[in-house]
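Okay, got some structures for you below.
Two complexes are shown next, each including chain A; its partner changes from chain B in the first to chain C in the second.
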Partner chain A sequence: MTDRTPLLNVRDLRTVFDTDSGPVCAVDGVSFAVRPGRTFALVGESGCGKTATALSVLGLVPPPGRVTAGRVELAGEDLLALGERRMRAVRGGRIGMVFQEPATALNPVFACGRQVVEAIRLHRRVGARRAKATAIDMLARAGVDDPTRRAKQYPHQLSGGLRQRVMIAMALAAGPELLIADEPTTALDVTTQWRILRLLRDLRNSDGLGVLLITHDLAVVADSADSVGVMYAGQLVETADAGAMFAEPAHPYTRGLLSCAARLGDGRGRFAAIAGAPPDLSAPPSGCRFHPRCPAGRDDQRCSSARPPLRTVSPGHWCACWQCSGDGANASASRRSERPAAQPDRRRGQEHTDDT
Partner chain B sequence: MNRPATTRSLRRRAGRKLVRSPMAMACAGVIALYVAAAVFAAFALTPRWPTSHDYARANQPPSLAAPLGTDAFGRSVLTKTLLGAKVSLTVGLVTNVIAIPLGMVLGAAAGYYGRRLDDVVMWLVATLAAIPGIVRVIALKFAFADTVLLDGTPLRLDLGGMVGVCVALSLTFWIGTCRLVRAEAMKIRQSDYVLAARAAGRSGPGILFAHVLPNVMHIGVVNFSLGFVAAVMAEVVLSYLGIGVAVGAPSWGSMINAARSDLIVGRWWELTAAVGAIFVLVLAMDLLGDRLRNALDPKAGKA
Partner chain C sequence: MTPDRQHSADDALLAACGLRVTLPADGRPGLSRRTAEVVRGVDLTVRRGRTLALVGESGAGKTTAARAMLRLLPEAHVSGRVTFDGCDVLTAGGRQLRAMRRRAQMIFQDPVSSLDPRMTAGRIVAEPLLAHRIGTRRQRRLRAAAMLDRVGLPGDSAARYPHEFSGGQRQRVAIARAIAPQPDLVICDEPVSSLDVSIRAQILNLLADLQEELGLSYLLIAHDLAVVERFADEVAVMYLGRIVETGSTREILRDGGARHPYTQRLLNSILTVDPIRPHAP
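What follows is the complex of A and B.
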């Protein structure tokens, strides 16, 4: 399965926002690949650069942000080198995008069907009647019941789940090869979440669609993703097949995330939260960006001085951590519980940045 | 949330709200009467408007022959009033047909694109807005004096008369709409559905016309109804001052001007006819505009 050529290949992507208080590197050297018929999940906390990565792929980073380095290849073609006009053909035509909040991502003044029709006619030269028939067909495929009637309804008349189905129909209307789903289920209730995820999985399987799934929800990852990339403070810290990631998380941050996730019947009364908060990206910590919050490698000079490269932990499993070189990973895991709680992490993070 | 049996658009819902309001319907009826009077005046009365004067029948009080009396030149005040309706409604309509789209497109483009375009449009707005409205209109009207565009063609535009009033008022009225639309467009620019439209491959102008403008249409509709009233009143003021419609042309403003000294000698009918016509039209327009604004405001509650 991993031998297939990637549909989307992102290499060393770097996206910088030139803010008043200096440049903020929201995406810092991120590399990953999405294969056709597979789902790649980008996981991380809010503000870690997941959405900025997705918008960079589409060339839609809002000013003052811009992509400063790296390659984004869609089926071998470098998207960053395309002009605006050709990029517009890619957006929607070859890459569809589903947004987090279907209530605001649909235009309130147009009926749903018309919005799908527009998505079709932006990329295909078809008559109004054919486009309408295709739109209703797409709505039906996206699991909208009674699509002919629903097509005439306005977004405010639909439930959240239905709106998201309309969004999916719009994103897939022009028959893209890649679907970017940015937190597609976050705004939905739990039962609707699973229906939407199942729908995305079915569409992926039937159309051979590559899916870039952006989420902070590990349950979503476990359910839908084939491979996973974990982002922290704009950097990719670990990437692996979903199975390997859940079975043997190598990076301390990934382990922290996994221990935060609720599990039924594991007997613990409390969640083990990762102490501290994500760093300020305008002044990121030196060395490994996670080290001020990291339970492992407290005494290792390298953590605070040099950025750890992505290294192979096992075949198909990479991790950017000085402490996890293959088998040594488990030792640091056991040390996690000994970590004193309620450390003033933010301040310590500041001290480290002052050193640089 | 229960599903409505039939699908209704926001616009249709606003329409239904208006139809259900007796006051709105009464106002619409009054305005329809004015429109009918203006159309009737334009086609039936204008050709028969006397250019010669009949001093034998001058200054007669209302009678069966002349229901609203006659003016100092022996012309029917009723006919004059109806012709005035034509002028007022034309000025109101033409002014806003020019001003509202101008303000909406400039405001939406300035708000959506921002940067340099926004600077230019806002500079223009600030500069024009720095001059008091009536002074601006009068200055423009004087600047247009004796200006005739496209002379010798069927499209001949004499800016000295009514067309000039419309243009001068349009160049003033677009500012308010532009400001409101710009502010709204700046909000819309940040919205998810604009980002979604860009992600679907829409171009900048495509988003402006397909997503931004439809979402500010309600501002245009409300400003049209407000602007209509303002234009009618401004035309009256300009014609009263003698810089409105061409001298001698019938208009409510010039009627008031002609009759301003009549009241002292007891000739009340011409002034009353003009003021009454203005009063009823403006009241109906204002009330309808108010109902319209309520109907288009989704937060105004059910009416």
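What follows is the complex of A and C.
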């Protein structure tokens, strides 16, 4: 498979939850691609649909949710058309998964080694002894020191970082092509986070693994991703190579998120904030879903009446915003060095209202 | 907001000296002989109207030290000396202790578990006033409403239950509760860690406004050094139960004043949104 061919290709994915207050569209026409040996990051705030997107890819959307439209292709094969039995072979087999909270994702009553062995034997026909040896190999590859001893320990005897390494060993056990990592370092300390991200990057480079990284933390994206999709209220609002995204963020939401991220060296002072809070998806705002919080285009009718399509800002850089002119002019005018949204807003009424 | 204000010894509001906390190793007080010293001789000073940030990784003893300073741990486990506005916290009794409890409030990381789901926001905010027998019922209700308004919540909030609020709003309720009894000190234990990026800034700015307006002192427990740098006057770095480094925020986080290897490792582990950065912890 060449670099050009996407490993995972998601097109116009739509996932709807039928709730008492009507259908809630958690994923609304999302498209992206993950290439082998590359990391694609889906970034956004809680409730923006990034985890629902990952669960849709895995066929794990919990009822009353269901995928109502779109395509999910893994190396050309349509996963949405697969039956549950074949999908189960894909999950854990061709797609490895790492979740946020390793304390709850691991089974507390089994030793770690046994859980890795189970992951191996579910997907490969190997004897118990071979599987055990492989499990210890996997733990070692995931950076677990003294894997033979650790394999005999139970999850509660391990630190958060070690537990996450065990999760990674399990995810890699069956030799997957794609790894989905949902907030893999959110529960960890900064020093541990750094090591786990380094490990994921090394594995991606050495195994040609495609990684779908889901995170709310732009710093994690800047550290680890090759390309990025920014989600807001169930929709993809901007997608680009990581370099372009951080150098020339086009969407006002992306720019706001970037200015919210405090950097060391900014000194004492106030924090730049995005006014308001993400909308309730059962009654999303009309038009562009970000328009009630948007600092740009307040008097543009289109923002509140029509959904902006994803348009090219520059080659490989797409943005869904009526205020992006689409010829690159806006993007270069909004270079982050100027940090247009970073002016701390002292007017209290504006920044202290995070109700919906 | 000049970072280098002069301070004398008596502008200390809360001070710990040689604070030690020994907890039962299996977390069951009184039932075990195995113990672990979680806080190992900590000296800390929170100055009036200022913010001290206590940073370090999980398990370093930050929260335990803070709780011990407010005498929220069983006395048998705590030793050393803690003073709050000159009076000895660990030996204070009766009225003195109650006064101290009113003047030192706390905000927790997770507003979902720190707010009683069966109480309305109005009752939650009025509860500390009731506990300290402040005002009449009507006065307490009015004060709760005023506090909820002050933290930027909509007018009908007092009658709503915690689950009806978003995460950021719940943390505002927790802040309203903390400031209702007019404290001098608020211990903020990871106040924004569970919040979304775009909401964090709103909450931190609210805390900064309240500090200026009410002359509050903060002890901020945090792990995000970029936040600490913007928010705190002084930093204490805690590692394995000890303070390994302490000083002004600017000195330690900006001017390369960090000397302890652990502080340097923390600084090197920070990820930034700036794509190009030096990196090697």
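Assume the second predicted complex is superposed on the first by the 319 of 356 C-alpha atoms of A that agree within 3 Å, B and C clash if a C-alpha of one lies under 4 Å from a C-alpha of the other, contacts with A are read in each partner's own complex, and residues count from 1 in each chain.
The definition used in the following text is that contacts are C-beta pairs under 8 Å (C-beta built on N, C-alpha and C of every residue); 3 or more make two chains touch, one makes a residue touch a chain.
Model, not experiment: these values are computed from the prediction.
Undergrad: Quick check for you: in the superposed arrangement, does A:Ser21 touch first (chain B), second (chain C), both or neither?
TA: After superposition on chain A, A:Ser21 lies in contact with neither partner.
Undergrad: Touching A:Glu118 in the superposition: chain B (first), chain C (second), both, neither?
TA: The first partner, chain B, only.
Undergrad: Contact-wise, after the overlay, does A:Gln193 reach chain B, chain C, both or neither (first, second, both, neither)?
TA: second
Undergrad: Would you mind checking which one, chain B or chain C, touches more residues on chain A?
TA: Touching more of chain A: C.
Undergrad: Which partner chains sit in contact with A:Ile274 here, chain B, chain C, both or neither? Use first/second/both/neither.
TA: The answer is second: A:Ile274 touches chain C but not chain B.
Undergrad: Find the residues of chain A that appear in the contact set with chain B and again in the contact set with chain C.
TA: none
Undergrad: Show which residues of chain C lie in contact with chain A when the two form their complex.
TA: So the residues of chain C in touch with chain A come to 1, 3, 57-58, 151-154, 165-169, 172, 196-202, 204-206, 208-209, 223-227, 229-231, 233, 249-250, 253-254, 265-275, 281.
Undergrad: State the interface residues of chain A toward chain C in the complex, per the touch definition above.
TA: 45-46, 160, 189-194, 197, 216-223, 242-243, 246-247, 256-258, 260-275, 277-278, 344, 348, 351-356
Undergrad: Any idea which chain A residues touch chain B in the complex?
TA: Against chain B, chain A makes touches at 58, 60, 88-93, 95-97, 99, 101, 104-111, 118-119, 122-123, 149, 152-154, 157, 159, 167, 170-171, 174.
Undergrad: Report the residues of chain B in contact with chain A in the complex, numbered from low to high.
TA: For chain B paired with chain A, touching residues are 1, 3-4, 7, 9-10, 191-193, 195-203, 206, 210-211, 214-215, 217.
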